[in-house]
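One structure, as structure tokens, below. Some questions next.
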Amino acid sequence: MTRKTGRQFFANPGPTNIPDSILRAMDRATIDFNDPEFMEVFDAGVAGLKRVLRTGSEIFLYTASGHGAWEATLVNLLSPGDTVLVLESGWFSEGWAEMAAKFGLKTQTVPADWRRGVDPNAVAAALRADTGGAIKAVLAVHNETATGMAMPLADIRGAIDAAGHGALLLVDTISSLGSLEFRMDDWGIDGVVGGSQKGLMLPTGFSFTAVSAKAMAAHAGAQLARHYFDWSVMKNRPQRSFVGTVPVSLFYGLRESLRLIELEGLDQVVARHHCLAEATRRAVRSWSGNNGPQLFCLDPARVSDSVTAVLMPDGFNADAVRRTALDRYNVSLGGGLGKLGGQVFRIGHLGDLNEPMVLGTLSVVEMSLRLNGVPHGKGGVDAAMEWLAAA
Amino acid sequence: MTRKTGRQFFANPGPTNIPDSILRAMDRATIDFNDPEFMEVFDAGVAGLKRVLRTGSEIFLYTASGHGAWEATLVNLLSPGDTVLVLESGWFSEGWAEMAAKFGLKTQTVPADWRRGVDPNAVAAALRADTGGAIKAVLAVHNETATGMAMPLADIRGAIDAAGHGALLLVDTISSLGSLEFRMDDWGIDGVVGGSQKGLMLPTGFSFTAVSAKAMAAHAGAQLARHYFDWSVMKNRPQRSFVGTVPVSLFYGLRESLRLIELEGLDQVVARHHCLAEATRRAVRSWSGNNGPQLFCLDPARVSDSVTAVLMPDGFNADAVRRTALDRYNVSLGGGLGKLGGQVFRIGHLGDLNEPMVLGTLSVVEMSLRLNGVPHGKGGVDAAMEWLAAA
Amino acid sequence: MTRKTGRQFFANPGPTNIPDSILRAMDRATIDFNDPEFMEVFDAGVAGLKRVLRTGSEIFLYTASGHGAWEATLVNLLSPGDTVLVLESGWFSEGWAEMAAKFGLKTQTVPADWRRGVDPNAVAAALRADTGGAIKAVLAVHNETATGMAMPLADIRGAIDAAGHGALLLVDTISSLGSLEFRMDDWGIDGVVGGSQKGLMLPTGFSFTAVSAKAMAAHAGAQLARHYFDWSVMKNRPQRSFVGTVPVSLFYGLRESLRLIELEGLDQVVARHHCLAEATRRAVRSWSGNNGPQLFCLDPARVSDSVTAVLMPDGFNADAVRRTALDRYNVSLGGGLGKLGGQVFRIGHLGDLNEPMVLGTLSVVEMSLRLNGVPHGKGGVDAAMEWLAAA
Amino acid sequence: MTRKTGRQFFANPGPTNIPDSILRAMDRATIDFNDPEFMEVFDAGVAGLKRVLRTGSEIFLYTASGHGAWEATLVNLLSPGDTVLVLESGWFSEGWAEMAAKFGLKTQTVPADWRRGVDPNAVAAALRADTGGAIKAVLAVHNETATGMAMPLADIRGAIDAAGHGALLLVDTISSLGSLEFRMDDWGIDGVVGGSQKGLMLPTGFSFTAVSAKAMAAHAGAQLARHYFDWSVMKNRPQRSFVGTVPVSLFYGLRESLRLIELEGLDQVVARHHCLAEATRRAVRSWSGNNGPQLFCLDPARVSDSVTAVLMPDGFNADAVRRTALDRYNVSLGGGLGKLGGQVFRIGHLGDLNEPMVLGTLSVVEMSLRLNGVPHGKGGVDAAMEWLAAA
């Protein structure tokens, strides 16, 4: 087999492109996690995470992937028999609900078309109907990685307030944090789930939960069994995080990640993601002519700036396109998840990215459509270039 | 402050010295965890872990530290109200028991002096007394990192067999695997808990559980709630491991780790750890003259080959010695855990280690004893050199 | 200033894109250059270089850039007053001639239009005219990095043979080796000058000279003063190379470089460079419409497969285009050298490269032309994609 | 073969221990050496080198090892037939003289016992005798790496001044710079030769020459042929250094090197080298009892703080000791050079070093003496510990 030459273009929506300087920062000998030198790096990392979350809340970290932080939020805040209101968005809202059920929680769903997402009015209605206060938490995925749709969190907050309901608002920001605008305190989020491997541009390795004062109060009475993810255990440790050994290398990476993010400026990070996402969408819209593939998300106000899901025309397989891109051109695209398998491919455009990386990726997508005989409108890359040159 | 020059000597009993070639192997761009290229690396890693465990059993891996694997073993194998028999060894056996209690399990302890460990006859007696079969699992820590004592697992297996009891034997090998002899199948272990950050010479990042057929049968009926660590969820994934994103970098490190271990030969790895541990013990025994510090573990047949715990003479603080070693000589020693805080320091000698690393460490310990006015016999380093030159 | 995000696209014609695995291989502690472990790596590296050069000749290496190897060739093979025949190709043929003059050699030039290069018949004529045999060596640059033109070496050899002249044929392969076809022995080259930093995909650090038996005989009588580059000194050293300390890290990189080249296959490396170069040329030809920029090299048989020089339309500055590409899009293009400064920009396409890297680069060039108001034909990237999809 | 485990102790007197942070700084993609980003790093590196040299003089750098900088100094400052006065110190003073002869210079030597070095009075006498002013330069090796002897440069300067002779004072600081005290301007040095691979803690890759105003004036009239090392060529380049491509990676390493050196403080760097060297010498002095090995350098005022040469007792081979240290314990010692081959081994103690690294090394030397049956006094490591604990 011919070796794949050159650098792989990683357009999978997470994990994502890790800058070399972050990789190098983690490429170091280990250190005692109670060493004062490490504690300084750790504390600075936690302080920086708060700035990225725009919050003054406490943060708990886990050696875990994002699913661990999901679980941490549930087991620390809820008791057997509690109801959670799940805002349907796609594969990941389904997954979080499924997890809740495994722990003996009742799940109620605000249903939605995956191509459009929930109506905030429907959320308000569901909460108003809960006159008995059974619903203890609302679970929302900020950016549904499976469909490329972003949830308007301020509107969700508004819906809860309008309903006058006291449920906690728990939000998964795994594929939005460090890419899309997010304001934990301004938006009244009670529990935030995040991970290292997306907008923070680190490898998979730690996830975390930021917890509002209201949620910490709820934690005091929560009855679900827990230990590895137990905030009460963590609070007695020097790091106020992690049960067991601390993954020290990642915090040297986090230090560099925060330096890069803040050197660029958080607002500029968000603006850059928007600009590159829009270039991607313009390419897809060009391809959608001639009965070609189209944007999966139908609501222009909700298209995600970190990942674009592309729906194939009937009769054409998304995975064949992905395979061409990977095997022939060394470009890794994301596949369709769950019921979208084969129908959708996804172009990740988050993390440490620039224009030629996006344009190289879009060029390969365009060639791969052609090589697989997928009907499509011409000029996708040209449309992207036009947008980017004018940006 | 003067910068610490030279390479830090990391004589903390874990995480441990990571060979440069492993660090470099992990210092790479990310990859899709479903990419066939990664699946090949992953599968080879799992196969290699089985060789190191000397088992044909199934392995489940988690993005978690060792405590996560502890929890995985409990929640996948047990039901509320089950009893576990904990073999007291020290800080870590206490911790595992505490975790079990958090999940509504009953814990019964075979008590032991931390300087000697449990008597297998006492284990047999406890099991014989359990005529109702309430005890579903025996929890044993192979190498108690806090006290530098190794449990004779074959004898424990013998005690269970002698009692004719059907409890599962669950063993924590976190600080023994890849350092001390371990034979899962030969010794009839039902559940093994291991982590990346000790004898495998990787950073903290994944932990795992190997599960015997008998244990897999028990899993089918286990009722504790779980999701992040649920083997039944994992079994449906391509990796048969990990709920959520896979920490891909670590598997490139694991590939290199296994290459190094098998290039040296597993038996030789064990023999080397013994040789370097014995050098350390000979130094400590020299220092123990003149009412000096002594080996914490009193049973010469159970002294650990991966970590040596050293008990200070009355009135002298172990942490002062550690501080001198770290601040003045850039040598990181382990501290006393739990009730041993201040009384014990620990010299880790596991992972990627050689004679001058050990001798440099012992030299610094000897100088740090002197600088803190701790009484001690002379010639510790000389005794270690004598042993090593003759080895 | 906004930080430059994402990975820089390095389309400068050398040094070039270094694969991560080569960077990692060099990222290691030092080693004694007489250690048997290193000698094995070194010897394997030299053997591999011979395979890449397709030669059985001896190789001498220097801690030096390519200019050092130029100098080595002159001072080891020639005597004061000797004449060298320089085949004009551009900036680098001029530079080599200038160096020769500094050492008291007489230089005679076969002149050429830089956009076309020398006529082999003119070479033959010059040699025939040298009835006294004053010309001791012919200096040819295989790939003129400044103009993007490749010299037909087999034809040059033919011209020398046709003239029946005994001059040595000395060839600079710095920007061709590992990218363009090259056959030292088949083509009867007497001295080859090469460096680490182009097709070998290493950093700048060592250069080398391969020396035919005929050239070694000439060395015996060569009178120019030398020491640092003296082959006679080197022949007495274990490495038969390097006066002074050996740059050991680079040889760990070379081992990986050779592994990658031979995994891909040298013929496939050459074919890939051709394919990506042709994509680049098709883009330039599209842009050349509408009085746009054009290929600098006018001879379609001589266009270089490792670098494309692009001539700007009158009145437009190449460096402005380069600045836009670098400052706005993080793409590094090469500038015009010597008298071509400002008139030419150069797109390097050598080393570890793939389609999306080239297409991302071409996209940025196309946007940069637009942003600088440079007239150009449309569809450059489209033409490149068309070629690559059909390739 | 059993793999060598653990980290190699590199006690070879150069190249030397490279801190991980320097290795990581160099482990990066390439960059155009005319990119403003690089120029900033380059300029800061040159400014830092001047601080380390304690000079305001101009510096020229070469892609070359130290021998290249030797050659640069000669060919830029001298003319055929000029005489250089070589101060004998050992292998390296011989080598520099040999090189000078190759370029047609006359060499006159102030002879010395290699175990004591030249008498400054003899230097003054030789210069006074040169009434015709034939001697254009005095060549002195600051730290003779082969013998572990440091030359008192201020005294040499004094001798030249006392003689009232106008010769340039050219000094090789390759194994002293960044380890021993050195003051170019205060000591009136006209040309300094240095390299990257010793006290600067970088790999072999660049060397340099600092040039006083007096020497620059001499350069104007120097007639030796040169190009690769020609300062006049370099002065027209943006970097005012390097003929040809610039080894960019090394300057990212140099930036980190300077950061480390200046964080520690140059005076403290010198003091640390002295402290660790003295520990080494005390060990050797202990071993010298019982007719054991002894310090090669007999002048206690001239013993080198960067390398200790140890003379074996008659009938015992230094290389056997080195082989034991390397093969059995993974410690790399230096061998005897030239006529000292087999009689001397050398312990390097320069660069990024600390106490346990030195003590681990000395322990291995002591065991290797024992294993080879070399008679020696006991307690070498003990003596070193005693010194270091009291330091």
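By letter and in written order, the chains are A, B, C and D; residue numbering begins at 1 in each of them.
In this section, a residue touches a chain if its C-beta (ideal position, glycine included) is under 8 Å from a C-beta of that chain, and two chains touch if they have at least 3 such contacts.
Treat the numbers as computed from the prediction; the structure is a model and nothing was measured.
Colleague: Which chain lies the greatest distance away from chain D when centres are computed from Cα atoms alone?
Modeller: The chain lying farthest from chain D is A.
Colleague: Which chain pair is joined by more contacting C-beta pairs, B-D or B-C?
Modeller: B-D
Colleague: Just the number, please: Cα centre separation of chain C and chain D in whole Å.
Modeller: 35
Colleague: With chain centres defined as C-alpha means, what is the inter-centre distance between chain B and chain C in Å?
Modeller: Averaging C-alpha atoms per chain gives centres 54 Å apart.
Colleague: Where the CA atoms of chain B average out and where those of chain D average out, how many Å apart are those spots?
Modeller: Centre separation, chain B to chain D: 46 Å.
Colleague: Touching two or more other chains, which residues of chain A qualify?
Modeller: 7, 17, 20, 24, 27-29
Colleague: Going by the contact rule set out above, which residues of chain A touch chain B in the complex?
Modeller: Touch list, chain A to chain B: 7-8, 10, 12, 14-18, 23-24, 26-32, 34-35, 62-68, 70-71, 98-99, 102-104, 195, 197, 203-205, 224-230, 242-249, 326, 332, 334-335.
Colleague: Can you list the residues on chain C that touch chain B in the complex?
Modeller: Listed in rising order, the residues are 20, 24-25, 27-29.
Colleague: Would you pull the chain D residues touching chain B in the complex into a rising list?
Modeller: 2-7, 9, 17, 20, 27, 260, 263-265, 268, 272, 328-331, 352-361, 363-364, 366-367, 370-371, 379, 381-382, 385, 388-389
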